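Per-chain numbering from 1; labels A, B, C and D assigned in written order.
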Amino acid sequence: MEKLSKERAEWIYKKMNDIRNFEDEVHQIFSTGSIPGFVHLYAGEEAIATGVCAHLTDKDYITSTHRGHGHCIAKGCDLDKMMAEIYGKETGLCKGKGGSMHIADIDKGMLGANGMVGGGFPIAIGAALRNKYLKTDDVAVCFFGDGAANEGTFHESINMASIWKLPVVFVNENNSYGETTPQKYASGSKRIADRASAYGIPGETIDGKDLMAVYEAAGKAIDRARKGEGPTLIECITYRNYGHFEGDEQKYKAKEGQEKDLADRDSIPEFREYAVAEKLLSAEKADQIEQTSVEDIEHAIKFAEESPIPKPESLYENVFVD
Amino acid sequence: MEKLSKERAEWIYKKMNDIRNFEDEVHQIFSTGSIPGFVHLYAGEEAIATGVCAHLTDKDYITSTHRGHGHCIAKGCDLDKMMAEIYGKETGLCKGKGGSMHIADIDKGMLGANGMVGGGFPIAIGAALRNKYLKTDDVAVCFFGDGAANEGTFHESINMASIWKLPVVFVNENNSYGETTPQKYASGSKRIADRASAYGIPGETIDGKDLMAVYEAAGKAIDRARKGEGPTLIECITYRNYGHFEGDEQKYKAKEGQEKDLADRDSIPEFREYAVAEKLLSAEKADQIEQTSVEDIEHAIKFAEESPIPKPESLYENVFVD
Amino acid sequence: MARRITFMKAINEGLDMAMEKDERVILLGEDIAGGAKVDHLAKQNEDAWGGVFGVTKGLMPKYGRERVIDTPISEMGYMGASVGAAATGLRPVPELMFNDFIGFCLDTILAQGSKMRYMFGGKAKIPMTIRTCHGAGASAAAQHSGSYYGILASIPGIKVVVPSNPYDAKGLLIAAIEDDNVVVFSEDKTLYGLKDEVPEEYYKVEIGKAKIKREGTDLTIVTIGKMLYVALEVAERLAKDGIEAEVIDLITVAPWDQETVINSVKKTGRLIIIDEANPHNNTATDIASVVGDQAFDYLDGPIKKVCAPNTPVPFATNLEQLYLPNADRVIETAAELIDDLKK
Amino acid sequence: MARRITFMKAINEGLDMAMEKDERVILLGEDIAGGAKVDHLAKQNEDAWGGVFGVTKGLMPKYGRERVIDTPISEMGYMGASVGAAATGLRPVPELMFNDFIGFCLDTILAQGSKMRYMFGGKAKIPMTIRTCHGAGASAAAQHSGSYYGILASIPGIKVVVPSNPYDAKGLLIAAIEDDNVVVFSEDKTLYGLKDEVPEEYYKVEIGKAKIKREGTDLTIVTIGKMLYVALEVAERLAKDGIEAEVIDLITVAPWDQETVINSVKKTGRLIIIDEANPHNNTATDIASVVGDQAFDYLDGPIKKVCAPNTPVPFATNLEQLYLPNADRVIETAAELIDDLKK
C-alpha cells in the first residue's frame, strides 16, 4: 500500500468536503419540498467512503446502499448529474428515473445505490467474480450497514467470496442503528467483524471517523484482494449526522455518553488537522478546497434546478436492451 | 440432564433399529419402482435423530429436512402411517399428499420434513418463539445439513434466536456433502460449529456416529434451552449410508481414507455394545428389540401396500381452513 | 358513527382491538416499535417510530415488547418465524415494510405458509396475517413503489386483501387476523392520510366479498385499492354525459368475488378493470379472463383493463404520475366502449 | 437433419456451443458439475452429476471449474452474483435447480436484475440467462413441481421462455444467452427424455415468436411448454369429428406473441388456452384478457382456459395426474365451445 501522497490528501479532503456540503444542502432543500421521496444522508460517515475509494480506480467496482451519495461522490460521479438525479431531472445520472436510492454510474464502477438492504452483497461478489475470471487485478468493494449484516445475503455472499477467494472487500459502516434499531440489539455478535471468522476470512473493527484508520485498513485489504489473497471484512465505527432518512425525529438517539461523543466527532476537521500537521496539506490549500467544494455544490444545485424534467416518453424507455 | 436410564436405552435402541430398517426397506422398495418421487434416506445418521429426540416430549417441536424419515421416527410418528405416506396412500400421515419430502405430524411436534434446504430454520425459531411467549418450557430443535448452513436462513434465524434467547437447539448433521458438494468446498469456515460465535451462542462439534456423544451434547443444550438460557449449535459429524437420494451413483464419495473409516462405522452395534457393557440393555433385550423392529417395519410395509390410494376429491381438499 | 379517522389510524385500531381480544396475536417487523433496548425510550415506555409510516405507533407501549417485536433486518427469518409460530398456535401479524421486499422472503409464503396445510394432509393451520404496503405515488422509486398483490394472489392457499378506505381497513384486518389461513393485507401507502367514518367497535368486513360503491347500468368498473377513487371520478364525469357506471371495489383479490363482478357485467354488458399492478398476469387479467369465459354472452364490447405500463416505477414525479392509471385514461378507454360518449 | 437427441441433450448442446463461441459465458449452480474439490474426480477431470438431472453433464470437464461453477446452497447469493457479473460484462447462465426455489432468490430478479437498466437510466446491461425447471408429473410433490413462469412473466424487464421440444430448446437457449437482457429459460423436467431432430449447428430460435404447430379453422388452442402435446392429442381427436383445431405453441410467455394468437383467433373465433400453472394471474389469464379486448369482435364464444386447479401439487400419483391438464378436460371444454361436438 502506498503512503498517502499530497495529491491524494488533497483529493481526500475535497471529497470529504463535497460529501458533507452535498448532504447538508440536500438536507436543507429537502425541508423546502423541492426534493421528493426517501433521502438517506451520508453526512458524518465521510471518512469511510473517502478513505476506501482513495485506493480505487474507475475500473474497480463498488456496490452501495440506500445511503449512497457519499459512495457516489467518492467514486468520482459527477456532482451536477448526481444532484439532478436526486431532483428527478432529465440530466440526472440516471435520467431522473432512479433518484437518491438508485443513483448509479457503471462507467465509474459505481454499481448503484440500492433500495434493498443487503442487496449489494451478491452484486459485489458477482463483480469480483468477473474481475477474477477475466484475470484483471480490479477489485470490488461492498459497502453495507450494520443492519444489513443481519440479512441472509451477507452470509451467503461472504461465504462464497471466501471459498472462491474473490477480490472483494466488505466495508461495514456501523453507525449504531439500522433505522431506529440499535446494532447492539439486532446482532447476536458484539462486533460485526467477529463474523469474519465464520467464513474463514480476516475481519477487523476500526475507528470509522478516522480517515487515516480507514485509509490504512482499506489499503491493506484492497492490496490483499488485488493480489488474489481473498476477501476481508472491515467494520468501521461511525455515526450519521442526520436521521435515518429526512423527516426522522431521531428520538432513539442518545443525547449523552459514548454515543454523544461519537456524534460530536467530525472527521473532516480531524483530517484537516492531521494532514496540515503532516504537511500533506497547507492551510491555504485546505481553505481553498473548502471554498471550491462549496462552489461546486452550489453549481450542482443550480444545474439541477435549471434542468428540465424527463420527457414523458422516457417512462417507456430502457426497460429492455433492444 | 438425566443419566441414561434402562428404559431410555431400550427406547433409543428400538428407534435406531426402526430407522435403519425403515430406510433399508425403502431403499429396496424404491428400486422396484413401488415408491415414486425423490427419496432421501437417513440410514447411517440414526444416532443424531435418536440421541436428540430422546430428550424431547410430544410437546417439544422439531423441524426436519428433505432427509426426514429418521427425525419422524425418533419424534414418535406412526410407522405404518409414515410408510403409507411415502407410498402416497390415503392412510398416510399426510393423506398421501405430502410424500417423503413433506412428511409431518404436528400432533407429535414434528413440523415437517422440508423440501426447501434451509426452510426449517425460521420455522423452528417461530416455534421456539411461541414456546417462550406462552411461558412453557418446551423447546424446538432444528435439524439441518451441512449444505443448509450456507443458506441465508441459517444466518438470519440463528441471529434472531440469539438476540431473543429462544429455546431452540440447532442440530447440524454434517455428513460431508450437500448432494455431491463437499462441505469442505462449500463452507468458508472449517467447522460449522465455528459459526456459532458469529451469533454469540455456544457451538460445539461432536462425533455424530456416537449415540452417547449426541445424547449428552443434546441433553445439555436442551436443558439450557428449557431454562431460558438461549440457543446452542451442535455440529454432528456423520455420514449417510446411501446416496443423496435414491438413484444417486455416488461417484463423489471417497473409497478410502478418513471418509471410508467414517462410512464403515455403524452407530447401532456401537451403541448396543456400549449399552450392554453398561448394563443398560441385556443382550436378550437387544435381540428382541431388533426382532420387533424388523416386524414393525414389515407391518408398516404391509399396511402401506394394502392401503387405498387417495380419493380423487381429496385433490381439492385442505387448501384452506374453512 | 360520526367519528372520522385516517386509514392509518383505522389499521392501528384494528391491530389494537385484535390484540386486546386475543393474547395469541403478536406483531413482528422492522422498527414496528423502534428503539429496542434504547434506555431513555425504555424508561418512558415509548416507541421510536411505530413502523416506518407510524402505523403501529403506540402498540408497543400498550402491549409490551413481547407482543410488538422489533426484528433485525431479516425478512426471511421473521416471516418464516411467523409461519412457525402460527403453525404452533399463535396468531402472528408480521409486517413486511414494503411489498417490494417480497423477493427476500417469498419462500415463507410460496413454499411454506401457503402449502403446509395441504402438504400435511389438513393437519396444519397457519393463522397469520401479513401486513405490507404497495403502490406508486410517493416518489419512492422502483424498489419501494411496486404493487405485487397480484403475484401473491396467484399462490394457492392464501388470501389477499387490498382495502381502499378506513372502514374496510379496520374491519378487514380484524377479519384477517381471525381467519385461520395466511392472509396478506396490502395497504396503499398513499392512502394512509385518508380520513373517513370508522365505528369504534370491533367489527369485521367479510373477506372475499366485493362492494358496489356506485350503482349503474351502462358500464361496470372494477377497481382494486385506491383505484376506486379513479373510478369514482370517472363515474362522475361519465354521469354528466348520461352514462351510468357501476363501480365495484374488489377489496379481496384472492379469492375475488366472481359473483358480484359477473352479475354486474350481466347487467351492464361492459367492463373496465383498473389495477395499478404491471399489466401482465395480474388480477385485472384474471378478472377479464373469468368474465370473458363466464359472462361472454352478456358482453356488448371488448373487456378493457387500465393498468400501470410494463415498466418499473420511475422516480421523477412527472413520470410517476404518468405511470399511474388515471381518470383520463379510463375515460378514453370508456369512450372506446360507448360510442355515443364524447372523447 | 436426421439426428435425434433428447430435450436434455439439446439444452446441453446449446450451453456447450454458447460457451464455445463466447468466453464470457459462464455457468453457476448447485452441483451443475458436482464433486468440487473431490480428489479422485479432479484427477480424472470428471464431474459427479452435471446437475441434478444431468443437463450440464460434461461441460465442466470440457470448460473447467472456472466456467462451470458449483455453488454452495445459496440461491440468493449466486443468482445475485450472476446479476453483478452480468452488469460488469460477463454472460452468466445460473441454474436455479427447481423453479420452486424462486422464493429464496426472487429479489435478484424482481428488484435487481429486471430493474437495473431502467433505474440506471439505460446505462446497465444484464445479459443473464436463468435456467430452471418447472412442472408436475415426476412425483416430486408440492415444493418441487410448481410452474412459476407466470409469476416471473409478470415482472417488467425480463423475458421468459418455455420450450416444448429439443429443437426449440437448443435454439432458444442460444438466443437467450446472446440476448442482452435477463431471460428466464424454464425447462419442463418431465420432457428431459423427449427425443427429436436437432441440427448440429449453432442456430437461434426467435424469442417472442410463437409457432403454429397445426393449422385449423374452427378453434385455436394456445399452449405453453409440454401442454402442446395435450393440445396435439386433442386436435387429433377433434379432427375425427371434423373439427379443425389450430394449435399454437406460445414458446415465449414474456413478451408473448400477441400477433400470432390474435390472428389465429380472428380466423377461428374460438380460443382455449392450456397452461399448467395454477389458474389465477397466469399467462392463460393474460392471453384471455388480451384476446377479450383486442379480438372481441371475432369471438364466437367464451374464452376458455384449462389450467391446474388452485391447489399445491399433491404427491400421490393419482392425484398428481388429476392435477395436470389433460386431453379429456380440454375436449370437454372444447365441447362447450362447439355445439355439434359430441362429449
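The rule we apply is simple: a contact is a pair of C-beta atoms (placed from the backbone, for glycine too) under 8 Å apart; a residue touches a chain by one contact, two chains touch by 3 or more.
This is a predicted model, so every value here is computed, not measured.
Common neighbours of chain A and chain C under the contact definition above: B, D. In terms of the distance between Cα centroids, chain C is separated most widely from B. For this pair, chain A with chain D, the centres built from the Cα atoms lie 40 Å apart. Centroid to centroid, with C-alpha atoms defining each point, chain A and chain B lie 45 Å apart.
With centres taken as mean Cα positions, chain D sits 36 Å from chain B. Multi-chain contact residues of chain C (touching two or more other chains) are listed as 72, 74, 76-77, 100-101, 103-104, 107-108, 111, 118-119, 141-143, 156-157, 309-312, 314-315. Contact of a single residue of chain B with at least two other chains is seen at positions 94, 96-98, 102, 114-116, 150-153, 155-156, 159, 163, 185-187, 319.
A complete topology is adopted by the chain contact network, contact being made between every pair of chains. Within the complex formed with chain C, the residues of chain D that make contact are 76, 100-111, 114-115, 118-119, 141-143, 150-151, 153-157, 254, 277-278, 280-286, 288-289, 291-294, 296-297, 299, 301-305, 309-312, 314-315.
Of all residues in chain D, only 26, 66, 69, 71-72, 74, 76-90, 92, 107-108, 111-112, 116-125, 127, 156-157, 159, 180-181 touch chain A in the complex they form.
On chain A, the positions that touch chain D within their shared complex are 61, 63, 92-98, 102, 104-107, 111-112, 114-116, 119, 121-131, 133-134, 140, 152-153, 155-157, 159-160, 163-164, 317-321.
Against chain D, the residues of chain B that register as touching in their complex are 36-38, 88-89, 94, 96-102, 114-118, 147-148, 150-152, 178-182, 184-187, 251-252, 254-255, 309-310, 312, 314-316, 319. On chain D, the positions that touch chain B within their shared complex are 30-31, 34-41, 46, 48-49, 52, 70, 72-77, 100-101, 103-104, 138-144, 309-312, 314-319, 322-323.
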